[in-house]
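Scrolling down, you'll hit the structures one after another.
Same chain, two partners: subunit A is paired with subunit B first, then with subunit C.
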Partner chain A sequence: MKSLLIIFLGAIAVLFFGIKRPERKSLPIALLVLIAALVFIPLDWIAFIHKHVPDWQIKYVPTNMLSWDTPALAFSGVLILAAIFVLGLFSKNKLHGADLLGLMLFSVCGGLLMTSFSNLIMLFLGIECLSIPLYVLAGSRKSDLGSNEAAVKYFLLGSFSTAVFLLGCAFIYGGTGSLDLDSLARATNMLGHMGIKSQLVMAGLLILMVGMFFKIAAFPFHFWSPDVYDGSPNRATVFMATVVKIAAFAAFFRLFHYAFNDIKGWWAMTIAVVSAATILFGNIAALRQQSMKRTLAYSSVAHAGYMLMAILASPFDGFWALLVYLVAYAFSSLSIFFLLDRTSNGNEGFSFDNFNGFGRTNKFGSLVLVIGLFSMAGIPLTAGFAGKFGLFNSIIGTYPWLLVIALLGSAISIAYYFKVFKNAFFGGEQQGTKLELNLMDTVMLGLAVLVILTVGIWPTVITGLQIIPAP
Partner chain B sequence: MELILIPILSGLIAAWAGKWSRWIALLGSIITGVLVVTLWSQFDPTKGFQFIFDKPWFSSAIHFKTGIDGIGLLLLLLINFLTPVILLSAFGKDKQSLVFALIVAMQGALNGVFLALDGLMFYIFWELALIPIYFIAGMWGEGDRFKTTIRFFIYTFIGSLGLLASLLYLYSKTPDPSSFSWEALVAVKLSVKEAIAVGAGLLLAFAVKIPILPFHGWQPKTYVEAPSFGSMLLSGIMLKMGLYGLIRWFMPLVPEALSFYNPIIVTLGIAGVIYGAYIAIRKKDLKGIVAYSSLSHVGLIAAGIATLSFTGLQGGLLQMLSHGVNAVGLFFAIDIIERRLHTRTLNQLGGIAKVAPLFSVLFIILVFGATAVPFTNGFPGELLLLKSIFSFHAWQGIIAGLTIILCAVYMLRLFQFSMFGKANNDQLTSFGALQWHEALGMMVLVLFVVFFGLFPQTLLDISGPSIQQLQQVIEQSKEVLS
Partner chain C sequence: MNTDSIFSSLDISHYIYLSSVLFCIGLFGVLTRRNAIVLLMCIELMLNAVNLLFVAFSSYMGDSAGQLFVFFIMVVAAAEAAVGLAIIVMIYRNVRSTDVGLFDKLKG
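Right after this comes the complex of A and B.
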């Protein structure tokens, strides 16, 4: 709650402060705002566990709209952390004032609404609040055609999918008479127990799912994502790959586990099939790309497929698996995109050749590269493995066939992730681009690697946290 | 625990240590070796798993659990004996520090594989062991190394994923509170159909690693194109992961499916014996010969293990050790030749024996070991293996017996054409004496060949009781089923 307020007010402050100043001057403020917001996550967590929610919060906050329970706080924490890294690591924009920073902060606000909504209206608001700044961010390199294309595509498809989502909400409302998560849960519980097949609810569920599939870029609703990822400026791309993915999955998970868990039979199979198709399609398409940025875009489609498994799993297992996976995915994406950004020397050619001879020139850089790619590929002792293991473990009992497909997908993914190693390490004596790292870059990259390894070696640092209520 | 940590840590230090890295790596490796020997001195063969270390790791169900029984101890001895030798073989000053770091890190990962008593931990180290060798083969290999290494990696990775799937399935069947420990996974009862499916996943991982015949596609090229120390790691140590997996993780976990799988493994193993030997006879590249002979040898070992008889398992273990030593020795010798003469094609060599008598004596002993001449380490293992296969099925035993002849053909061909005869290489005169680290490495290996050719019983005594216990475990599970 406090985090949301801080970021919202901070965003406005950053906008005003940055009217006449270049972006790099406002950056520390934006970072401070995010860090302050992050500090309140564990405080709220403890307060929630000990039931010390302050009076004013109960009195003035409409509690049936947002609920800051521990799962919501967990996802919010990861989201804010990812936003900090995006802002801290990525190349600064020289053309603009602080407006892009402000947009990103507003977008994070939308993300926080999506992690903690308890009413479908709030979810809708969150999605809009998250997406609208992104449309602008995608097009923020105004003179570049690709960026403009990305913005238009993202805007058209994004707003269309939001409309579809809204239609789904309307159907659900028609079928159950409610938009509140708790009442929805009661209504679906009744439907489930009495064995009534409500056509309205079923249609609504399907449409809701389509809307969410658009947002997370799952097959067959993924086709916007490679173009948008490719065309957008790097900072916007990595923002979409991390913050937006976290928010969308947190929302998807919350919606389906809180509201529709009792009618799982109605939707589970659809998600399982979509998950399998997404994994296969994303990985196979990624194999055939020449541009590394597009490869990563398709691989993020594949990752979405894996994360869909969490929606299928039992709430408890699914929650932990999803959380670990999101952490792994966010931090490995951050480190790989960072290296890609810095090796491209300002031009926008993102072929694998950027990394030629990279290993000979940069020791620390190659460590980051190796750990990041290992985590993406799910090699043990990195966070990516802990996440994949959690997901696989949570569905093995119910969907063994999906597990087989997911494993096949992991095997395929090796082929394109490791292509980078060929350029970076196996190229003989060639010298590569020297990475210029300032202190902040080094610290943040080091932290990212540390997070990946720590979560990989002791996933209990995350899964050992106490959560109530069990989602 | 420390057997895993010391090598990995010394690897980490060595990676950043510049010119000291080879000494740091060697030191770490030897300390680990000494630790294994001290464990050996405290080891009691009759007691089953010992030196248990058990701490919750990923969750309450997944532990960091290590323990040693006779089977594991033998393999630990092998690894921690061979890794220093491999380090010595690479000891020249021209190598990057990363070489030594990766070799010694691999020692740690492999120790983890052979110590693990928890399914997931086994899987994790199984995967980790793959990574150093991937970089070694990719960074210092020759030819089209990227294609070769990625093929190697994808082959083994798909296998590992099969392993992961099977372990996960078994885990989901363990009674509450579910656990990944070896005992819990062994205790799971499956229907025959399930067992065959689960066994397929496990076998995929092990068969690729061993490699058993239709899964060997990655092996010869990887061996030939990897740098010599990489080939040594692969053939000397990594193959043993697959064979060990067969003994420790395949047979006890899916005893229900053994009557289905064992004849298949025996047949494929023997097919590998003949196939590998046939190609080895026709190869001209020294490394190629050893690579295919390796395929032939491990085929025999896998077949012997799959007979599930006491002699078969004992012979298999013994042969795993001696094959490890011999293969490392042969690659070592080839490396010495190649470093001096810059070729390893058979018809460009010859006459080396005249200029390097010490080297040729050491080399011929290793060749004898590989050919299983009596009183070398290859003999007792091969004898036991053939005996077990013969009593499993007489005809298969006879076909497998051909290995003795075929092996003599290609091994002696390798030695004769490279060492004797007319000199075909103008650099031969500058062959020179062995450097100290080369001589030391070779001598240690040769000592092993001779000593355990004379006293194989010292090794057999370590593993005997453990193998009986393992057989009991398998028998019990079978009885419950029927």
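Right after this comes the complex of A and C.
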């Protein structure tokens, strides 16, 4: 609650402060706002567990639109942390005016609504608050045709999928008579126990899932995401790959586990099949790419497939597995995208050759690269392994066939992650721009590596936290 | 017979069919048309089909939450249209066309 208010007011302040100043002067304010918001997450958490928070702050007045329970706070924390790293690592442009920073902060506000909603209206507003600034960010290089194309595709597909999502909401509203998560849970509980097959709810669920699959870029509805990731400026791409993915999965998880858990039989198989198809397709398509940015885009499609498993798992296991996986995925994407951004010549040419000879010229950079790639591929002792292990472990009893496909997908993914590895350590002469790090970059990359290793070696730093499910 | 009783005598299924048909017209337009402005209009049509459905359910069940949702959808649709038109103006300045079929540079 407090974090959301801080970021919202901070975004307005950044916009006003940055009217006449270059962007890099507003950056410290934006970072400070996000850090202040992040500080309130553990404070709220402790207060929530000890029941020190007044009711009006947990369940936002007037009509229970937001609910800041511990799962919501956990996802919000990861989301704000990822936003801090995106802003800190990717703000090297010489743009005038702080509008893009302000838009990113507004987008984070939308993400916080998505992690903490307790009413479908708030989920819808969160999705839109998150997406509308992103349409602008995707097209922020106004004279570049690739950026234009990304903005148009993202806008059209984004608003199209919102319409599909809303149709699903409308059918579910018609079938259950409610938009509130608690009342939805009661209604579906009744449907599930009495064995009533409500056609409205079933149709609504299916359409809602299609809308969510568009948002998270799962297999049959993923086609927009590689183009958008490829065309957008690097900062917008990494924002989509980390913050948006975190928010979308937190919302997906919350909606399906809080509201539709009692009618799991109606939707579980669809999600399992989509998850398997996404893992296979994402990994195989990533293997065929020449551009590294597109490879990472397809690999993020594949990662979405893995994360869908958390929706299938039991709420408790699924929550921890998803949280660890999101941390792992966000930090390893951030570090790899950062190196790709800095070694690419200008903004064009994201080929694998940029990393040729990288390992010989830059010790710290290659350490970050190796740990990031290991974490993406799920090699033990990195956070990626802990996340994958948690996810696989949570579905092993119920969907063994999905586990086989996921392991196969992981094996395929090693091939393309190691293509970078091979170029960096055994490639020819260096082709990319030389990596130059200032103090802030070094500290942030060091922190990212530290997080990946700590979570990989002791996942209990995350899974040991005390959670209380929604009241 | 006044109009009030005509509407109240209609079954809820009529509204469901009507909004489904409207939604599908919008969907068909999005899938077949290539002009960005027409696409935007088709998406608005889909949103309005959803609005109609929400209002119908809301009135049928005597619950006000659905009508509240419709207000939010209308507000957000307006914001979305503003950003969308700005993007279309941006591409028009660069390529002198609003045909989305021209955008096929990103492939792989």
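Quick notes on this one:
The rule is short, and it goes like this: the second predicted complex is superposed on the first by the 453 of 471 C-alpha atoms of A that agree within 3 Å, B and C clash if a C-alpha of one lies under 4 Å from a C-alpha of the other, contacts with A are read in each partner's own complex, and residues count from 1 in each chain.
Methods note: contacts are C-beta pairs under 8 Å (C-beta built on N, C-alpha and C of every residue); 3 or more make two chains touch, one makes a residue touch a chain.
Bear in mind the structure is a predicted one, so any value in this text is a computation, not a measurement.
By the touch criterion defined above, A:465 reaches neither subunit B nor subunit C.
Shared-chain residue A:120: touches subunit C; no touch with subunit B. The wider contact with subunit A, measured as residues touched, comes from C rather than the other of subunit B and subunit C. By the touch criterion defined above, A:136 reaches subunit C but does not reach subunit B. Once the two complexes are overlaid on the shared chain, A:418 sits against subunit B while remaining clear of subunit C.
In the superposition on chain A, A:284 makes contact with neither subunit B nor subunit C. Using the contact criterion defined above for the overlaid structures, shared-chain residue A:206 touches neither subunit B nor subunit C, since it reaches no partner. Once the two complexes are overlaid on the shared chain, A:178 sits against subunit C while remaining clear of subunit B. No residue of subunit A lies in contact with both subunit B in one complex and subunit C in the other.
Within the complex formed with subunit B, the subunit A residues making contact are 359, 363, 374, 379-381, 385-386, 389, 392-393, 396-397, 400, 403-404, 407-408, 410-411, 414-415, 418, 421-422, 425-426, 458-460, 463. On subunit A, the positions that touch subunit C within their shared complex are 120-121, 124-125, 128, 132, 135-136, 139, 142-143, 145-146, 148-153, 155-156, 159-160, 162-164, 166-167, 169-171, 173-174, 177-180, 226-227, 230-231, 288-291, 294.
Residues 16, 56-59, 120, 123-125, 127-128, 131, 135, 138-139, 145-146, 149-150, 153-154, 157-158, 161-162, 164-165, 168-169, 171-172 of subunit B are the ones that touch subunit A when the two sit in their complex.
On subunit C, the positions that touch subunit A within their shared complex are 12, 16, 19, 23, 26, 30, 36, 39-40, 43, 46-47, 49-50, 53-54, 57-58, 60-61, 63, 65-66, 68-69, 72-73, 76, 79-80, 83-84, 86-88, 90-91, 94-95, 100, 103, 105-108.
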